[in-house]
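Letters A, B, C, D and E name the chains as they come in the text, with residue numbers starting at 1 for each one.
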Amino acid sequence: MNNTVLDIQHLAVSFYLPQGEVKAVRGVSLSLEEGEIVVLAGESGCGKSALCRSIVKLLPRYAVVKSGHIVIGGHDITQYTEKDMQAVRGLEVGMVFQNPLTTLNPVLSIGTQLAEALKRRTSAGARELNEQAVGLLEQVGIQQGKERLAMMPAEFSGGQRQRITLAIALASQPRLLIADEPTTALDVTVQLRMIDLLRNLAKNSGLTVLLVTHDLGVAARIADRVGIMYAGKLVEIGTTEEIFSDPRHPYTQGLLAALPSAARVHKRLRSIPGMPPDMLHVPAGDAFANRNPRAMAIDYEEEPPFFSLSRTHRAATWTLDPRAPEEVRCPDGRKKDE
Amino acid sequence: MKVPYKAIGKNIAVFFISLAVLSGVVFFAASYAPGDPLQSYYGDAVDQMSTAQYEAARHRWGLDQPVYKQYFQWVDRSLHGEMGMSLKYREPASRVIHDFVGNTLFLGIVSYILIFISAIVVAVCCVLYEGRWLDTLLSETGTILFYLPAFWVGLLLILIFNVNLGWLPGSGAYDPGEAGNWGSRAEHIVLPVIVMLISHVWYYAYMIRNKLLDETRKDYVLLAKMKGLGRLKIVLSHCLRNVAPTIFSVMAIGVNHIVGGTYVVEAVFAYPGLGNLAVESAKYHDYNVLMLVVLLTGAVVIAAGLAAQAVSARLDKRMKTEGGTAWTKTNGHLPS
Amino acid sequence: MNEPLLRVEHIKKYFTLPSGRLLKAVDDLSFSVRTGETIGIIGESGCGKSTLARVLAGMITPTAGNLYFKGQCIPAGKRNRNLQRAIHLVFQDSDSAFDPRMSVRESLKEALYLSGQAQGEDNRRIAELLQQVGLENRYVHAYPSELSGGQRQRAAIARALATRPQLLIADEPVASLDVSIQAQIINLLADLQEQEKFSMLFIAHDLAVVRHISDRTLVMLAGKIMEIGPTEDLFTHPAHVYTQLLSDSILPAKPHKESIAMTPHLWGKDISAAGCLQEIRPGHYVRREI
Amino acid sequence: MDKNERAFTVVGAGRRKEPDVIPVSPWRQVIADIPRVSAVILLLVVLGCILAPCIANHDPEAFYLQHLNEPPNHEFYFGTDMLGRDIFSVLWYGGRLSLVIGVLATVVSSGIGMVYGCVSGTAPDWLDSALMRIAEILCSIPYLLLQLLLLACIGQAHVISISLVIGVTTWMNLARIVRSEVRQIRGSEYVLAARAMGGGFFYILRHHLLPNFISPVLFMLVSSIGISMTMEATLSFLGIGLPTEVTSWGTMLALSTRALMTDSWWIIIIPGCFLIITLLCITHIGHHLRREINRGSSNL
Amino acid sequence: GSQGGNAGKTLTFAGPDYKTLNSILNTHDELPSLIFSGLMKYDGQNKPVPDLATSYDFDKNTLTYTFHLRKNVTWHDGQPFTADDVKFTLDTLRLNKDIDDEISDNYKEIKAVDVVDPQTVKVELSKPSAAMLDYLTIGILPKHCLEGKDIMTDPFNQKPIGTGRYKFVSWDKGQSIILQKNDKYYGTIPKIDRLIFKIIPDETAKAAQLKSGGADVALLNAKDAATFRNNNHFKVYDCQTADFRAIGPNFKNPYWQNPEHQALIPVLGYALDKKAIIAGVLNGEGEAAYSPIQLNAVYNDPTMDHMDYNPTLFKQRMAALGWKLGSDGIYEKNGEKLSFSVDARDFEEERVDMAKIASAQFKKLGVDMKVNVVPKFNWKTMQCCLIGQATPFDPDAGLYNFFYTGAGANYTDYSNSAVDAALAAGRNSYDVGMRKNAYIQFQKAWSAHPAFIMIAFIHGNYVATNKVTGLTTDRILGHHAAGIFWNVENWDISE
């Protein structure tokens, strides 16, 4: 497979805090093909950001990649130094961060900030840089780029700022774009435009996108494939269709069921009881077991392996084990829905 | 561009009001201090004067009037450019000051510039090596040096570099009679400036360091890293730009601290400057000189404050969104 | 008709920005809240939702306008303890809603103390409150920083309930939470409303949530009401352009890549907040230019 | 198979007991990991000063005129000064004064600074800016000059008056920080909430403002102890501080400058070391108090 | 040391700051005596000899001095020096009310000054004044510069013009004063071309300056001087001075107006171990003192009680006065503790040290004396001061002013009719035998009711680099060891 852009193997990342070791990522394997949009979803604190940041080695100093490999464009960057990474960042991988209000430097004009990124690829003069910058802004849907280059980030709205960060990420023409919850802070209307923009980019220029969100609506709209994370592990991954219409991990099922959907009229939502585990003390076995009303004894003891359901669909849960009782494998809740 | 007349006018008003308040405070404080200003003029002879003589002398210097009247007379006279006589030197106060201003300015400005350059350099080093040996080393040495009494350091330096090694002069502002010789002046301020650096750099470096550390925790640093920029470059071209308003307001406060610092240094190095003069005139109740020194320093400090405020407001529009003046917003970390 | 619990009349909150510009965060709002009902408030970020909430909860004084609490007129800025106790706010950001130096217990105790409730029964009442919001008792001495977002939000609700409010204003209570916890909180609010029979103003930017929980919905833009009406009516037949834009932007959690057309025709459109409210259906008002 | 069957029986949620929450009071946490070495050294120094009469092996006020300028030896552990005083004994007694001055000056300055800052921070805008302007003007007079004026007013300086003077001239910075902290906290939502629930001004001050701004302020207080001690030394050096027969570390240092030319390193270095080590310990503890608020990690 | 080779031989002296260089406003310091010259000057034995006058006649009957002035003397600015200048100066001293009484009191016996011709001037006295020739050593001021001006504030005081050996060149405030030799000087023209007075008020700094080569000559504290004694590059000149140190009770203060307390003054001297103080503070560079004129070979009475340290005697005397030791080891009488304070000025380290040791010694014997270190003496209010005075010349030049009731330099308001009588007798007589008698009477009266508790006469420890030659230790120097420059024209400095 020579068009694999990103290949992550058994990645484990821990933060060493005074209180102990936070196992933020616990053995995640994932690979992205060229032009593909993969969405990682899962609730807060399940390690999505940690995963993204370890791809570009932007983890804090007390974070340690404990095992695993990251291969970007055929190069294993696991052992790369800070200097080596400078060549990878921007050129190979671009990243859009969570909060558009803080990711732009408030005291530099956006022209300057764009130019910094543009300079990675060209040694063009100031005028040419400006032209390219205007082009980029237009690409992300900001008109009258010429006048706006001199403006400060504060003079833009949140949505515009988010698009500017996207433009900056795209400026050095990376093959892979990592977008870590790019839309959480935005209005629904702006969010929609962002998503469509990304989708167009992937389609038209073959950009590979790894998008992180916990909004399943976003995932449904944009993704080719969706991965669900829970407590530092990828618990289920499959095409969008597979995940949304045939979720297999009890957590995925619970998540989908908990969405307030327009169809439901009665006042109660179906919720998953309990809280996600504290990553300081990750329990043995399936981390979700304690919230799963149909958890089996083995869930509390042994980590489930991945069970493949199709070429693209895998899930790590004992419910898929042939030994599991019938009621667990086909929970009635799901049946009723279909 | 629109000229902000209103803002300029307001600043000028604030400036003069502050000066008026300042002069009032010092005038009243000084006149209620015990001790007889006449003594600096007549020497111990004051004690031998008859009552009539004494009253005549007081009348001559206007000391028999109520303090507030004296103050207004003083204001009136100073508005006409007449700053009164120095009772101690028996010369017009302005002439006494005149001889000292240049020296202090030279020492002050050189120290000021070097202090802030070094503070920024030290702060950047600390930030680049945060939590590692260089940061720890700089922090610890900085703290020690900051707490060392400046006079003590100065004397040790004199002992080493002047007395024992004989490399540098240890007193005065220039070789006798060489007032116009900048080489000689420069040579003479080396040790004082080093003492100023030792006792001041860390104070500011620490503030800037903390502000910079806060900046490095901001998300735009990540974005800059994602552009492939190096750490030094990020600190210099991104973080430093963000703390610039802080640095400016710190620099405004710094004017006062550094002026205060020169007092001690001038005393140690027998450097003929305003600091020495101020200490002397306060000790000997030479009000006219004291007032002039205080007003002069006050004017510089207040003007610097206002300037810094204007500059930071320019640099950073966000500062405008909060009330108060520039210096109320810098969180000093070490008290002074 | 019987008097609503709270009637808001021509309430305004203007901020003077340092630049001298007047920011009309809440601009002449009038509506009423009936006993026991839930009103959802939606609108883009910065349209004045939180400001409205704070004005109603008495945290900031409005520039102008009156409140009628159970028919009794309370002019701007003159609130009495009764009203103060009757309305309580659950903050948007549970992170800053608690004093970091007070444990959950202390925070709840403070609320009890300030609302003048019986002193002796503190412990019992606190246990009861925690149980009501489903926060396990073992968290009672924990500090806010030791709680997860969902737990903090529960504690915040517990604090709001401590004063036995008649109107609970929930300012984006689920904005920072995940789907699974969000469902818990929404269920909790609904349950509590049933038990305690309070009215609720529910502010959110997630339309699906608002649609789920509220009886009536109020759409705000630039400090003004754009549309207000029964939720189902409003969502199924949005009358104002802005409401249409919002409801079109809802992303249902269904794979629908090709099926839903984008809505570019609305994007470039200037949405005007001018005009005045007109009743188009019973109880359903829309701002229209005349 | 039997085992498998048991493993695959549904047991339901909540089987695992969640780890207990052991709440750590923010205060407890601060105290728990105070820098040990600094605390111990500081404690030793303070104890030494308190127990000076037991530790000193000579009369600190006596002039051993037979033993002028002796380097450290078995009788005079730290040597004697030019007038034959036993440095070792004088140090412990001097430390008492220095510490008292440091603490007293800090109490004064923090008293004024905190009240002023609180008033300014909670006052309406016009009063706030007026108050801050006044502080600013006071700040623009070099503090040394102010101290000079005040000491001149008071006359002969003694421990109390000098602490007062140092305190009265150094509160501005603290006031400013308290003010900005108060302003920040005052706008925070928990204060709004408490106010909306009917908490009065003093209730909020006592229950929310004070506990929350005390930590940044504590750092200022602690380092202000050190700074006051240095300041006292400087005043002594300029000849406007404590009378020289009153021994504090400051006057010792100020006097030691006279030994400069006589190669008596012990007169110069030893008091300096004592001062610096004490101040360093104090600062370490101060820094620790400040650092307590976790500010996350650098992105650099 | 000798910077500025272009200026020829340069000598740098490190010393204290000046306020004025006017000879009649500043009689204590060195510089006016270099810039100005008087009708008379002191020789190596501290005897007045003619200077600007070539000779003088004295008419005992009319009490009139007639001075014959040198011809062709010019001021530094080229104007001729005439008798008018003399008259102007002496009249100013007599008549200008602003002039310090400490100085003008010496001239109050002058009745009139008459200019006979440009080279002759007559000074007529109203009463005999034995030390008038001493007083006429005061530097003569140029009339053409000062006539009609306010002598107290005229810029002249900072840019003086004199007739002396050195011309004023420049004054960098707080830094240095530069003098250039006067090539037109009527006497021996000095060998050293330039004198630089570096202003170094701090004692240690002076030593540092010497050691680092920043100064060639300086007056040092005994202890700092000691560090130069074994140094081959320096020579220490231990000059005897008439400068004594004492604890001076201030009779303006009610404490000492109380006869009970006054009675203590002669007794307290026995409680002071002066030798120990001299050894401790002055490194042995001084002599125990008992009388203000004990160094005067002519007028001293060596049979006087030397007031040596004598605790037993002290205790006896105290008991006799009715003081008893209290439980805290401090004397008390009528329920009042024996407790007073002494002020010492901060810049005079040796005096501070003396005060401290004296205080400790007193404490041991039951006297509580607190030491206040002050920037300057407040003569109105302080209880005691650590005083220093000197009478290097004629005993009248000093004693009268210090101890005569109401005299100009009698700052402590000492008043003793027997002393007054003796001093007046000494002043108003020209007969050496009578005068000697008068001063013995003075000493008797004085030691019965002393103005001061004497401590020590101190040495002036001048330290100079080896390059400097010509300094002598022959002369008894004055207050603050002033007068070392008396033979500056003989000094030389090698490169």
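In the analysis below, contacts are C-beta pairs under 8 Å (C-beta built on N, C-alpha and C of every residue); 3 or more make two chains touch, one makes a residue touch a chain.
Chain labels with UniProt names: A, C = ABC transporter, ATP-binding protein; B, D = ABC transporter, permease protein.
Since we're looking at a predicted model, the values are computed, not measured.
Peer 1: Provide the labels of all chains in contact with chain B and in contact with chain C.
Peer 2: A, D
Peer 1: Counting C-beta pairs in contact, does D-E beat C-D or the other way around?
Peer 2: Looking at D-E and C-D side by side, C-D shows more C-beta contacts.
Peer 1: Approximately how many whole Å separate the CA-defined centres of chain A and chain E?
Peer 2: 92
Peer 1: Can you give the whole-Å distance between the Cα centres of chain A and chain B?
Peer 2: 54
Peer 1: When the C-alpha atoms of chain B and chain E are each averaged to a single point, how far apart are the two points in Å?
Peer 2: So the centre of chain B lies 40 Å away from the centre of chain E.
Peer 1: In chain B, what residues contact two or more other chains?
Peer 2: Residue numbers touching two or more other chains: 35, 155, 158-159, 163, 218-219, 222, 225, 231, 283, 323.
Peer 1: For chain E, what residues touch not just one other chain but two or more?
Peer 2: Correct list: 204, 208, 211, 375.
Peer 1: Using the touch rule from the top of the page, what residues of chain C touch 2 or more other chains?
Peer 2: none
Peer 1: If we count contacts the way the header does, which residues on chain C are in touch with chain D in the complex?
Peer 2: 54, 57-59, 81, 84-85, 88-89, 91, 93, 96-103, 107, 110-111, 114-116, 136, 138-139, 141-143, 146, 159, 163
Peer 1: Along chain D, where are the residues that touch chain E in the complex?
Peer 2: Those in contact with chain E are residues 61-63, 65, 68, 82-84, 156, 239-240, 243-245, 257-258, 260-263.
Peer 1: What does chain B use to touch chain E in their complex?
Peer 2: Chain B reaches chain E through residues 35, 39, 41-45, 47-48, 53, 85, 88-91, 96, 99-100, 155, 158-159, 162-163, 166, 169-179, 270, 272-273, 276-277, 283-284.
Peer 1: Quick one: in the complex, what on chain D touches chain B?
Peer 2: It is residues 109, 125, 128-129, 132-134, 136-145, 148-150, 152-153, 155, 170, 173-174, 176-177, 179-180, 216, 219-220, 223-224, 226-227, 230, 233-234, 237-240, 250, 253-254, 256-257, 260-261, 268, 272, 275-276, 279-280, 283, 290, 295-300 of chain D that touch chain B.
Peer 1: Going by the contact rule at the top, pick out the chain A residues touching chain B in the complex.
Peer 2: 56, 58, 61, 82, 86-87, 89-91, 93-95, 97-99, 102-108, 113, 116-117, 120, 152, 154, 165, 168-169, 172
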